[in-house]
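There are two complexes below, and they share chain A, which is joined by chain B in the first and by chain C in the second.
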Partner chain A sequence: MAVISEFFGHARLRPRKRLLGRLGTGATALVLPVAILTLWWVASDRGWLPQQILPAPAYVYEMARDMIASGEILYHTGVSLRRVIIGFAIGAALGLSLGIAMGLSEVVEDYAKPLFLAFAQIPTLGWIPLLMLLVGIDETLKIIIIAKGAFVPMAMNTFTGIRNVSPRYIEVGHALRFSRWQQLRLIILPAAIPSIFTGIRYGLTHSWTSLVGVELLASSEGLGYLLVWGRQMFWLDTVIIAMIAIGIVGFVMDKGLNSTEHLIQRWKKGEA
Partner chain B sequence: MTKVPHIQIENVTRKFQVSGGSLVALDNVTLDIAEGEFVTIVGASGCGKSTLLRLGAGLDTNHEGSVIHAGVPVDGPSLDRGMVFQEPRLFPWLTVERNIALGLENSGLPKSEKKQLVAQHLELVGLTAFAKAYPHQLSGGMAQRAGIARGLVNRPDVLFLDEPFGALDAITKTRLQDELQEIWAKERITMVLVTHDVDEAVYLGDRVVIMSPRPGRIREIVEVNLPRPRVRTAATLLQVRNRVLNSLNETTGAIDRERPAAVFEESATVSKQPITAFA
Partner chain C sequence: MAAATSQAVRFRRGITLPIFLLIAWEVSSRSGLADPRFLPSLENVALTAKRELIDNNLFGDLAYSLMRNLAGFLIGSALGVGFATLLALSRIADRLVMPTFNAVKQISLLAWIPLISVWFGFGEQAKIVFVALAAFIPIVLNTYDGMRAAPADLLEVGRALKFRPHQRALRIYIPSAMPAIATGVHLGLIYSWLATVGAEYFLAVGPGIGGLVIAGRERFDMAMVMVGVFILGLVGFSLNRLAYSLEAYLLRWRPRQVR
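Up next is the complex of A and B:
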């Protein structure tokens, strides 16, 4: 066993240096997508699946060009983005406030945390039936569902971040006669920033997933709607294009968040 | 040495609630510290030396007896009392400069004056070139220098230091001890330094307070009547050191008679440089 693992250990390490060392990390990221595309192309070319279920890449590409040119894709993406941004902003702001309140005050924690934890256990989509009856199936429903998706991870991570601030730091503030506001502004919040960013990240991902979920159920526009519509009409090219659009938007958002995080936490630079 | 008592600690007792009763960390401790004096406190772990320091600095006020600083009872931290911790406790998200400036956050001084004070104290601890560096870019010794600068930047009239050099290597430690002594001579402020290193205590202190554990009490106060700058290897200094060491060994011996191995270990860590090394 030891010999085998040693062998694999080497096998894993050496090609990594030779193959990936020459190509940049950008190029390595393209290896898998290209492989999948090739598989897709081969599968449709050989007719492994009927054309209606798996359209040829070339056909989807044509279709995508048409949909971009007509502004259809841009329109649906815009609708979805707007919902995510509004919903996320509301949910994240509420989550941040609750997280800070629970983190700073044990009284608030005692009152709010049990209910919050129970609330967090219910999947976002589980709220849809009840909310549909309460607020209808309009924009409000979508915003609430998206906000809920961002709210839970945001509150949880902010809370944990604040609770994990070292008491040693707090004591320094005490020795320097910091007021409560100074403690919060100069010590607690900066120390909790990495954790808060984790919350923003998860929050955004959850918002995005909830959006597609709620659009699948109740919408006449947006990328989620495009998915359902395409499936019902058996336009699998539309489905694939919508999926790719969702993937790209999510990817870009995550990248943007990443650079913001690096910018804010410049002091971490150079830390191994 | 007829100076006014600057810090008066009188009949101070501090108990901690632990599971199944209360632990007496300090038992009826009385200590007067003169203005501009350098007092060092040594003792085995658990003798309450850090507790005593925290009471003096006002970080802990839950005690019996009285702690008075410049005629005023200590009822909390004050900007007139600086504090330096063992781990420098710099904030990793702020530059060295900003870390030191935090000490002036509540000073009420105008911005220009704050800036000048920070620059002055960076200079004092020799970190001017590292003003814009982040703490993770500093060595342990440099980080502790920044910690000392933060403690001093408000121009307190007493500085409390809680094992400030405990985590540093021997060479850095020696250098920082000298630097601290120079700062003390230059700034003319009272310094109270807690340490477990007898050499450090004797080298730096005008008086060495020896504490005994369980409950924490002052066992003896040894005067170090030697001119400065002192020579670490001088026979006179080593005499005082041996006296302090003997006294310290007796405190642990009296308590831990049933555990001689532990006593040996404790005193071994205390005397890092055996006398024979200088012979």
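Up next is the complex of A and C:
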């Protein structure tokens, strides 16, 4: 928000008349999508590209309506969301515990961190074929992969968050003769919350990306599967709809986290 | 507190778990506690690594993967910096394009693969396009943010000196966004490696490390998969290191920041 106001404030300094000055931000934002849509419509109408490469927008729209009406898109989205929620919950809980343990105890850090860093080096996509051999291509595989996606950023950010708690706060705790538990609950965790939230945000993004990856490679339902299936049948309309659905879910999760974060920060301010 | 624990002790602690795991691995695989098909012995993995390295030209595969990665990364980052500079220079372009860009970036990266494979096939071209896209997005975002944060007084000096757009870009925006660009390049380097692996998994034509892993899985050759995954991690790690030194090099003119 600050960026926008800064930029408008700045714009007022310039006396030059701007072409889009009178159009609202919303209307300006729509210019490009409308232009792309028009180009797309003209291209498919004139047959510049074959249907298999670029289906007509009307087709895609109709297909989207059908898929929404039949509940197909909702079903696949639900399947994907369920996997992400379970996997993310497991991965985030484990990551949070490891992060707290490593953050609080240097001994735990010394023992666990090198192995953890080595583990984190291997991209989530790398684990998929390995785990496919170990656990097959069932639900377990998807949950593990998604959990791994959330685990690494969660542990990392929790750890740095706790380590960066200002020593002054901790001193206050000592002065007040807080017990270890009080120290953790009243000082360390609240101070580490912004960093933990960064972990949650990255974790959720990674989980969602991992989900798409694992569903592309091995799945018989879910949005990723919809992509592969549409691709194999050369139904590009299905592919495009699945992509849009993936984008919308990603967007909603991002917004949801944003407002949760604001809520928590406000609560913190109210308390202080 | 930290100084009390010596480097040697920390090192000993650090290698304890990995060594313990390796021993557990070897013992359970030798004694038949775990099915050797799922957990091949270390010797077997080493032999496979040797076989792939020497007989099956693993370095060739690796070179292919890295070439793809580099080509895509260079294209993506050049386009990304150019695109972001354009948006920073022109408010109209910014307001026209940025909302759409922000919407499109929500689509998870891997979800582009099917569409790219329809448009560009399964060959080298499709892979490079995908890797370039992976590098493009973080570089645009970071460069754009960096340029938006260009100091207002510098911009005013630019106006007073009647800078032309290219001068504004080269003398104000790009230098002041350098730290942000470096972050973007760093992320782009990591993402493009992920994308290289992804592209080789899903567009599995031609040589490459990702193809090796997939082939290992299809042949149920756990040792081969492990070697491949290990190399994936190793390359990712080296790229990360490279990015750090690149960042340090790009920002060498800047006084050390005290954080």
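As a working rule, the second predicted complex is superposed on the first by the 218 of 272 C-alpha atoms of A that agree within 3 Å, B and C clash if a C-alpha of one lies under 4 Å from a C-alpha of the other, contacts with A are read in each partner's own complex, and residues count from 1 in each chain.
In the analysis below, contacts are C-beta pairs under 8 Å (C-beta built on N, C-alpha and C of every residue); 3 or more make two chains touch, one makes a residue touch a chain.
What you are looking at is a predicted structure, and each value in this text was computed from that prediction instead of being measured.
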Between chain B (first) and chain C (second), which, if any, makes contact with A:Gln265: first, second, both or neither?
first
Regarding the shared-chain residue A:Ile246, is it in contact with chain B (first), chain C (second), both, or neither?
second
For A:Ile193, using the defined touch cut-off, is the partner it touches chain B, chain C, both, or neither? Pick first, second, both or neither.
first
Would you check which partner chain A:Leu125 touches, where first means chain B only, second means chain C only, and both and neither mean what they say?
second
Check the residue A:Ile137 against both partner chains and state whether it touches chain B (first), chain C (second), both, or neither.
neither
Contacts for A:Met63 in the overlay, against chain B (first) and chain C (second): which applies, first, second, both or neither?
neither
Using the superposition on chain A described above, determine whether A:Gly213 touches chain B (first), chain C (second), both, or neither.
second
In the overlaid three-chain picture, which partner chain does A:Arg168 touch, first (chain B) or second (chain C), both, or neither?
first
Report the partner of chain A that touches more of its residues: chain B or chain C.
C
For the complex, give me every residue of chain A touching chain B.
168-169, 171-172, 174-179, 182, 186-187, 190-191, 193, 265, 267-268, 270-271
Flag every residue of chain A that touches chain C in the complex, lowest number first.
3, 7, 10-11, 18-20, 25, 28-29, 31-33, 36, 52-53, 106-107, 110-115, 118, 121-123, 125-130, 132-134, 208-209, 212-213, 216-217, 223-224, 227-228, 230-231, 234, 236, 239-240, 242-244, 246-248, 250-251, 254
Spell out the residues on chain C that touch chain A in their complex, using ranges where they run on.
1-2, 5, 9-10, 13-18, 21, 38, 91-92, 95-100, 103-104, 106-115, 117-119, 148, 152, 193-194, 197-198, 201-202, 213-214, 216-217, 220, 222, 225-226, 228-230, 232-234, 236-237, 240
Touching residues (chain side chain B, partner chain A) in the complex
57, 59, 76-79, 83, 85, 87, 89, 91-95, 102-103, 105-106, 134, 136-137
